[in-house]
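In the part that follows, the structures are each spelled out as structure tokens.
One chain, chain A, appears in both complexes that follow, with chain B as partner in the first and chain C in the second.
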Partner chain A sequence: MATVATSASAPRLAWRWGTLPVWARKALLLVALIAVWQAYVSFSHVSHLLWAGPWQTVRAFESGWRDGSLAGPTWTTLKLLLESVGIGAGIAVVFTVFAALSALGTDLLELLTSIFNPLPGVAILPIAMLWFGINRSAIVFTLAMTTIWPIAINLSMGFRTVSPTLVAVGRNIGLSRLRVVTDVLAPAALPHAVTGLKAAWAFGWRTAIASELVFGVAGSKGGLGNYINNARLFFLTPRVFAGLLTIALLGVVFEALFGVAECRTVVRWGMKS
Partner chain B sequence: MKRHHRPLLLAAFAAAALGVLATSATAGHKASIPVPSKVTIAYQPGIGYAPLIMLKTEHTLEAQFPDTTFSWKVLSSGSAITNGMISGDVQIGAGGVGPLIVAWAAGVDLKIVAPLDWGDLWLMAKDPNIKTIADLKGKKIAMPGPTSIQGVVLRKMAQVKLGDAHALDATIISMDHPAAMQALLTGQIDAHLTSAPYQLQEKVQGAHVVARSYQYFGAHSFLDAWETTAFYNQYPAFSKAFFTDVSQAIDLINKNPTKASKVLQDDSGGIPTWRQYKQWIAASGLKFTTQPLGLMRFANFMNKIGMINKMPAAWTDLVLPPVFGTKGS
Partner chain C sequence: MAATMASGNVRERAAFAPAGPLLRLDRVRLGYELPTGFHVAVGEASFQLAAHEKLVVIGPSGCGKSTLLKAIAGFVAPVSGTIELAGRGSLRPGPDRAVVFQEFDQLFPWRTVLGNVVYPLRVNGRSRREAAVRARHFLELTHLTAAAGRYPHELSGGMKQRVAIARALALEPQMLLMDEPFGALDAITRQRLQAELNRIVAETGVTLLFVTHSIEEALVLGDRVVVLSEAPSRVLELVDVRSLGGLETIEYSHMRGRLRALLAVEREEEGDLGDGRD
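The block that comes next holds the complex of A and B.
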């Protein structure tokens, strides 16, 4: 009976699923995932030291944000990341402009990106600790190193794919080489720049958390990685989950922010659909 | 019909088990007691673990329990070991009193199966301007972790000297002792709250003692070997034999430090030399003993400053039956 019923209703269900709006489908999936999570915690008798349920996680999340114990570390990590991505982007722009202006620069940039881009950010941390000591500068250095290359690659790709006609027009009206870069190449390469920045942010974010896990402090206050690690040391598993939830939510928020920024600029200007 | 035989059978079993128990302590393993098929023993760097290193190097357990595969691991912090024990990778772990009490209070089913020693832990600094605890504000102090016994000691020092137990929390950098010693001597960190032999090596290389844990807690237990209660209940005879082996290793270290030092030298591949080990054992401030001391003093303090929120009723709550007879505290 049961099998007959499901096989009969399956096509109808699939049809209905497809016609639901995207947000509703994702919301339903999310609810289902949370239900599975809760069911696992409730019925598997898993140790509460190893798994926190959704409800405990939400409570730890809520109390962490209310008493500031999560807001502080989140701000510390974000500040660290903003600073490092700023430095990384600045260096990347200098490199790419140099590469656009000279053949030597192009070769240098290609060589450097092929050496450094495949390096996982945290791999640089030990040497950064030797050079800068066990402090915030070591993490900033590591993060900047991870963010330079994705930005540089995308930006130079953007420069190279600009229509030659546009560049020729720029030259024709008598722009200097530097002004061709700033007034023609840079705006035309904007979609690639946004992609590079997005990639750099994602790499930097992962590396920031990983670096904070390696050593506790980032300045005087610890960041989110440190928060999670401390919660683990004290066996406060709901807080570990709350820290992870914070990281996931921030990922969603930044994805949305980049989306809005793209809509306002490159999409509106018809450079990207 | 068979029921009639049961009491008899039980009695026979009990007698056999008792016989085994009685002999296992002296004559070693008999096949009929339940033994684990695989045991991983994890400890940390330092000569405070000498009793365990003796068992490892002399293959005492392997000889006694031929049906069990033993593997030995050196991990960098007590919390790494308690985590390994929760996940079931490690059956016998060893570390300081701090991670044990934190784990016990959080509801981890972990207790002391064999105390190893008492130990005075020194807070070392290299910069001559760091003379007192107050000079450490805003500096970097390395230790195995915020829940390590060194972490508890640092909070006590902060409470006594600065009026706030958490005044130095932000200074803590989690590092294992060998790495922290290197970092201290190269000037990457300002201070290192450590144990023997690192405190002795650092002193020789120009660092000085800022404070000692005994000044703040009195003499106290330092390291212990732990088991989960579940593991103990499954293998009580094995665990008692382990306790006995540890006590015998401790007796040997105390009666014949030369022999013990030679074993430590074998374990570390010849460097440092046994003469160096012997000198360290003598100067370390370590007292090897199976008597736990000051567990309740630590628990009380940790409870007062909010590191734990559940108090053991007595020191016996923190230990397994083999340790009951040791007049602990």
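The block that comes next holds the complex of A and C.
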């Protein structure tokens, strides 16, 4: 009887954490982290000019969204990013299709990606500022340059790994060369295209914030990087934290959106598990 | 459409078909570029195929039988010699010679079973409605109606090959070209699909060119069998296997022995010439 009791109590301990659903485990961890954060701010006598507690951050976040002082910069940065990723993706697609159709294009694409992909996006910003001036165009150029290469690399990898049988089927049923690209290669390369777009989005997001931090102004209105920088200038530390919270939340939202898009396409088709 | 889709009497119509062969290969030489130089796969092959006939090409691994099928499909141009389909030469890939491949990944993974059969019909100018009706007919013929809404990754290997057959047949090709379509299936599924293919070919009256390295498969499916030698291959023999009777007859085992001798296969092997592809 005694052995039964001890062996029953051991799995009971494991049950508490391991058998909880994932969302509950993560929610508990999050609550714990916030509690540590609050405890640090409340009990360590850290300067309130340097640290904002969770409660202050949430209030700054909430009022920022209510009076539009956070919504404006967020929208400015998002618009900037959407436009730049759109331009970058468009150029990447043209490059990659050209590379898929000719050996010259393949070589050119390989050369250009090996030169430009390792370049951190912000490194291009100074030259972009010289060329375009200190304005929105300079950032769009910088962001487009950072997004072209991850998309092009992944897309051309996708094109190259398409099953030759599937291409043969496309030609067999009477597709032209161009329609083989649009109707067979493009959907078959979709898992890689999504990977490329995710990477481009992540790089672009980082570069956008960094660029805004570097020179503050993005067009007539400032973006999120600008918002954070201004808040720092005036020691509005809760606003700095609220800006960071916004960036983190947007990251989570976009990750989820990409996840939904993948579930409805490549996962549903069994092209990615 | 109803007349062409009706399954009966197709065999009888064959009797009234024009006398010339549907497919004519005349001293065809085939090869491809390898890093080590030009590799001649088929040295010289000549044979003919009449409409509504079932011709099986058999040969050892690497003898160029797949290359031969690719050439008939229009993917590879002959080095010399001519391939003519109904008197027409210099063939390019086209839906009049629908191909069923060995690989399971020949279906479009982003289209359902129905979508895989409908899409080629739409490409070839049929209306949405007409394509759907035709696709459903051929899915019924291949016993896939229940799977019409499923995606390829949800199907077994045998079902995938049946979808590929339905897709090819729905195009109403002049010829159905099959490149070891059952080669990657387990023995039971393979036998089942062989029987099913015989039934489907009988119902549609389609002209079949089938490539395999299994003697048993050749005898089960073929009207005639083209036996190729090792690469650079030539036609060793063209045998008529139409009137062999069942698997247990003397004639069948006699013919199997003859093919084995031609292909120099040991008696202990069960008819397969090897696992490798060519």
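The definition used in the following text is that the second predicted complex is superposed on the first by the 256 of 273 C-alpha atoms of A that agree within 3 Å, B and C clash if a C-alpha of one lies under 4 Å from a C-alpha of the other, contacts with A are read in each partner's own complex, and residues count from 1 in each chain.
Methods note: a residue touches a chain if its C-beta (ideal position, glycine included) is under 8 Å from a C-beta of that chain, and two chains touch if they have at least 3 such contacts.
Please read all numbers here as calculations on a predicted model, not as lab measurements.
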Should A:Leu245 be classified as contacting the first partner (chain B), the second (chain C), both, or neither? neither
Is A:Gly270 touching the first partner chain B, the second partner chain C, both, or neither of them? second
Partner chain(s) touched by A:Leu190 [first = chain B, second = chain C, both, neither]: second
With both complexes superposed on chain A, which partner does A:His48 reach: first (chain B), second (chain C), both or neither? first
Look at A:Val169 in the shared chain and tell me whether it touches chain B only, chain C only, both, or neither; answer first, second, both or neither. second
For A:Asn230, using the defined touch cut-off, is the partner it touches chain B, chain C, both, or neither? Pick first, second, both or neither. first
If you look only at chain A, which of its residues touch chain C in the complex? 163, 165-166, 168-169, 171-175, 179, 183-184, 187-188, 190, 265, 268-271
Touching residues (chain side chain B, partner chain A) in the complex: 79, 83, 86-87, 102-103, 106-108, 138, 140, 145-147, 170, 172-175, 183, 188-189, 307
So in the complex, which bits of chain A are touching chain B? 47-50, 129, 133-135, 215-217, 220-222, 229-230, 232-236
Would you mind writing out the residues of chain C in touch with chain A in their complex? 73, 75, 93-95, 97-99, 101, 103, 105-106, 108-110, 119-120, 123-124, 151-154, 171
